[in-house]
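Common to both upcoming complexes is subunit A, partnered first by subunit B, then by subunit C.
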Partner chain A sequence: MKLRTFLAFVAPSVAIMVILIAVPLVGIVYLSLFQSHTKTELVELTVEVPTFGGQTRRDTRMSPQPVLDSSGNPVRVWTYVGARNLEKATDLDQLAQALDTMRDGAEGGLLRRMYQEATNIDFWAALEFTLLYTFITTPAMLAVGLGLALAVNSVTRRLRGTLVFATLLPMIVTPIVSSLAVYWLFLDNSLISTLTNELGFGRFYFLADQVTTRTLIICYGIWFSAPFAFIILYAGLQTLPQEPLESAMIDGANEWQRLRYVIVPHLAPLITVIALIHIMDAYRVFEPILVFSSDVYASSVQYLTYFVLAYEDNIHKAAAYSLLTIVGVILLLVPVLRHSFKERRVQL
Partner chain B sequence: MSRRKPVWLSCLTASSLFLWTVLAVFPFLWMFLISFRAPVDAFSSSPKLFAPFTLSNFYQIWVVDEFWRYAINTSIVTLATVAVSLTIGCLAGYALARYRGSLGFWLLVAALVFRALPHVVLLTAYKPAFFQLGIWSRYETLVVVLVAINQPFTIWMLRAFFVNIPHELDEAAMIDGCSRWKAFRLVIIPVMWPGVITAGLFSFLLAYNDFLIASQLMNGEMTTMTAALGNYMGQNTSLSKVMYGVAGAVTVTIPIVILIYAFQKQIVAGLTAGAVKG
Partner chain C sequence: MKFRHLLAAAALAVAPSMASANCGIEDSGEVNILTNFFDTLELLANAMEECETESFKIDVKLTTTHKEERERAFEASSSPYDGSAVANSSITALQAKGQLLRLNELVDKYREEHQIEDQMLIRFGDDISAIAFMANAQHFFYRIDLFEKHGLEVPSTYEDLLAAAEALKAEESVTYPFGAAFGGSGGWEVANEFVNLLLANGGQLFDPATSEPAFDSAEGLEALEMMGRLSEYMSPNALALDFLDVKRQLQQSEVAMAILWGSEANGMDDPSESTVVDMVGFAPAPAMVDGGPPATTFWWDGYVIPKNLDGDADLTFRVIMHATSPDVVAANNEAALWIRSNYVPTKYATAVVDSVKANAPPYPMNPQAEIAHGALGNNIGDFLAGKESAAQSLADAAADYRSAAEDAGLL
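Showing the complex of A and B:
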């Protein structure tokens, strides 16, 4: 295909990605460098203040009012603040203080105290749980997915369709809805906590404690993403050549050895791809945190930015968080990208 | 092929599959079950399997809270998003599958990076810009934004499908005197439908499942079903309102369940095509 034809074919797609993805990325850098506020001026206002007996009294006072431009919109003043938004977002001062605690004394548990202080800062707390979530769910969803793929592969063909249907549900149903469905099960006095009580484990308030909240969100994450690993690994198992398996059996390999030395190596490339895609998705975990309103115990970078944007309505702070998020995404992707560059060079 | 498996392994397989199926389906089943109940029976402190049946939650959310408006908005937005993103995605995916220069590779890498971005990052930039331009809370805006967000994934997936269509096919047409465009139209379009249906399903799911963008970009009557569920969430919501939310959530789930039932094969094919061949 000629370059010109190629450009003509990809033009609409590239145009929409440039205008709505690439340009906004630049816009975020710009936004994060400024602060803005609505310009106000003191205006003399006269109001009728009711006194008693139906009488009124004129009251004149100075009151701040937004300045309107010629078309009637309030004027916003933008001031350049450089990296200050970023510094505030990461709260470097407090982080430095937290680090100082370590240097001051040498008693035990300091590392822990330092860690606690650092995670008192919104951004670091959000980053901490995001990374925790990412690094726990990734191996877990791979393990569950692989287990399911092996199990489904060994049952009779008639059951497989039903099993795949059930498995697709957690992954494909709207994440907000599936989070809600799980949330309603774990509400105080709802089904699960009543069941644990009646079975004699005591009454749990799952959403009122850090450990249970975090466990619940991480379990939700595994439940939600394992089907993806399952589908791909299951497809991979269908392409598994039979000869190595048979020769392994002739050599006396047991089930575990066949899994470890024949099946897993065959699936290794797929496992890499699943891990990559899952890490990208886990880094932007959002719905369960919003639905469980768990931000006190477990927040995420995407949730924090959303919160600042939607409730604090501070675009500059949100832009600073976004910028930090982008840095995180790039750091996560660097190893993968380097890998694909190498492959590309081999191809050329 | 295999010898007989040890008994313990078969037992383990069967029981873990059973456990998983229960885990996967139960939250949705329970949600479905309690959506037909009065608040007291749904969240009573001793849960019951059977409770009086009522449709009042559905009546409340659909008629009184006018959920049908949001259902219409969702239909408009998702259908338009699927149509637009497939049209431009097919062109790009086809070109990426046939072009051999390094520009195509760079485009795919850029798309991969865009695919990894959390959506809230883009939303931060849209918010002030769309206010300035006065295009807030309009179908067109939401559709264009969803198409853009969808595009990286769509072109990766469609490229994987087009690579599988033998290039001799369109080359033969071009030797016979077709231009590239004509070859695409006459030879490729008739054979590309399986791939396009799959990519369309995933575009549909992304647009339909989106909460973040729609909840911030659309307000009032313009919002979508998924985003409207936000009105029924939060710890301060009264129990009866939570029940309307349960009915709403069931409403949102039903089309998805039908979709999985009807297109299970295509969904599986799409997931594997993206990963195995991409």
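Showing the complex of A and C:
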């Protein structure tokens, strides 16, 4: 192919990648290097507010007010701060300091106390649960997805269409909506709590404890993502040639051995792809954390980005958190990519 | 302040408005307004949409995530929203950044036509920055029947409240004695409960002269420890329940008393959602110290117009004034504690009025307060969950406050 033709073919995708991936990426790197605010000065200000029945209340106090430039617009201050936003976001100083001194009240062994100190800092607490979520849901969603695919593949053809559709439902529902549905199931006097009470097990408080809240979020994550593994592995099963399976049976392989030595190796490239995509998704877990309003028990790096933007109104620190998310995803993907690359070379 | 109410908001927003009557605006154009989502604001949104004609488009977006959208919109070179509903706390940062349009000229121009009353005007110095329409405060809600049954009196201090809670533990018709909003995303509501107790205990959020945090004090510690003691009488899920959940707990007879917003009082007597009609009494919040002010702050809700609006300020102002007109107040007298003078106080307003008479302070209208509020929300849950001591939580919050205030150029 001529170079010109080649360039003409790839140009649209390169352009789209630049606009949708490279520009925003450069944007957040840029934003994370700065800090900005409206310049204010403390002035004495009288504020008048209504109470009721035509009354008002006046309150005079020192209050920060914007400094105006010659044309009457508030002065914005942009300062280059370098890596300070990243340092503040990860709180490395505080981490080192906390590990140095240790809280007086903390009990238990050294490791336990170090863990308590680290998870008292927003970023490290968020990272802890993000990693926990990623490492538990990835193998679990693959296992559940494979199980579902094998099960659906073994029923009669007439039922398969309906089953595939039913299995895909969790993936079709918007995450925020399905998170809400799950959350409502576990509140006080909700379906599940009432049921356990009626059955004589007493009232369960799923959202009152770190272990149960985290378990709920992780189970939700598996339920939500397994259909994705299912649909791809199910498609993969359709391409499975019958001959090796039949010869394995002739050789006396039982069902487990056929799965282990014939089916799974056939699906291995698909499993790698699913794992890659799911790790990227899992590291960005956000909706269940927001909906369960559980940030005391389980937070995530993506949730922190949102929190800093929404509640601290600090776009620069939020950019630093997004940057950390990207770095985290890349670090997690490297081993998987290296593994699959090696395998491919072996095959060649 | 919760995302899950967005669903309900979305469902209501697409419901056909009953608007047909024209509100006297003959101009053509478009007005976009962003507001929080609760009953009164929804009512006002419907009133605004009455102004819609063939050539005049009105779009009111009701969402509990209004804060995020407003901050981005008002900071941009041009805001897609021509107006927004704000309250004591949310106006402060916008005002301190100089993003609000000065409304003095518009008020002068339309004072007669729209019967604008002085008490509706929120003033920062000489500037009128917002038009307020309703007042609100959190106060005490209690089951009159259960209080009578157990021979209890309305608590005047939080110690009394704890004693009442202890007595109500024996009551079998409710699951827990007490409810308060300790949940909600971002910790905003739990921090608000803390602010109520802190101010009533003689503490303050920050030092106005230096902007240094001041909640990490003996008064703050007592306030937070009181919240810890209260949580023993609340649902173990309390850290996941926001004010609408607490309202439901009271309506469904799951709790015997609660601290809730005054604007939720009439919902207690709505037979379509409440099982305790005419059984709930209202009183000012208990005090933290004997004889002190009730532990609550006084709020107003109002509309602002940003400087960078992409629409027409005059037109937006008239739409806002139509929605907050004396007619709307008269037609919906029970829906809120309206600020207009033609409002006739109902039994749902007495507790708020009594709180103000008993010297409940307005919520501090300084930008530092909002930053402190956010830092507290992010940290005091750790104490309530039993992860760390109250002192440690407050120290963490103070460190977060310093960091955020530095970034905002206040420290």
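The working rule: the second predicted complex is superposed on the first by the 272 of 348 C-alpha atoms of A that agree within 3 Å, B and C clash if a C-alpha of one lies under 4 Å from a C-alpha of the other, contacts with A are read in each partner's own complex, and residues count from 1 in each chain.
In this section, a contact is a pair of C-beta atoms (placed from the backbone, for glycine too) under 8 Å apart; a residue touches a chain by one contact, two chains touch by 3 or more.
As the structure is a prediction and not an experimental result, all values here were calculated from the model.
In the superposition on chain A, contact of A:I136 is made with neither subunit B nor subunit C. Applying the stated contact rule after C-alpha superposition, one finds that A:L95 touches neither subunit B nor subunit C. Contacts of A:D295 after superposition: subunit C is touched, whereas subunit B is not reached. Contact with both subunit B and subunit C is seen for A:A310 once the two complexes are overlaid on the shared chain.
When both complexes are overlaid on chain A, the residue A:L259 reaches neither subunit B nor subunit C. In the superposed model, A:I176 lies in contact with both subunit B and subunit C. Contact comparison for subunit A: of subunit B and subunit C, B touches the greater number of residues. Applying the stated contact rule after C-alpha superposition, one finds that A:N189 touches each of subunit B and subunit C.
In the superposed model, A:M17 lies in contact with subunit B only, and not with subunit C. Once the two complexes are overlaid on the shared chain, A:R57 sits against subunit C while remaining clear of subunit B. Once the two complexes are overlaid on chain A, the subunit A residues touched by subunit B in the first and by subunit C in the second are 176-177, 180, 187, 189, 290-291, 293, 309-310. Touching subunit A in their complex are the following residues of subunit C: 2-4, 7, 65, 67-68, 71, 88, 93, 96-99, 117-125, 132, 135, 175, 183-188, 208-209, 211, 235-242, 245, 249, 252, 254, 298, 300, 337, 339, 341, 345, 349, 352-353, 356, 362, 365-368, 371, 374, 377-378, 381-382, 384-385, 387-389, 392, 396, 399, 403-404, 407-410.
Interface residues of subunit A facing subunit C in the complex, by the touch rule stated above, are 35, 37-40, 42, 45-57, 59, 61-66, 68, 73-74, 77, 88, 94, 103, 105, 120, 122, 176-177, 180, 183, 187-189, 203, 205-210, 290-297, 307, 309-314, 316-317. Interface residues of subunit A, counted against subunit B in their complex, comprise 1-3, 5-6, 9-10, 12-14, 16-17, 19-25, 27-28, 31, 147-148, 150-152, 154-155, 161, 163-170, 172-178, 180-182, 184-185, 187, 189-191, 194-195, 198, 223, 227-228, 231-232, 235-236, 242, 245-246, 249, 255, 270, 273-274, 277, 280, 283-284, 286-287, 290-291, 293, 301-302, 305-306, 309-310, 315, 318-319, 321-322, 325-326, 329-330, 332-333, 337, 340, 344, 348. The touching residues of subunit B, when paired with subunit A in their complex, are 1-3, 5-6, 9, 13-14, 16-17, 20-21, 23-25, 27-28, 30-31, 34, 43, 45-47, 87-89, 91-92, 94-96, 98-105, 107, 109-129, 144-145, 147-149, 151-152, 155, 180-181, 205, 208-209, 211-212, 215-216, 226, 229-230, 233-235, 242, 245-246, 249, 252-253, 256-257, 259-261, 264, 267-268, 271-272, 275-276, 278.
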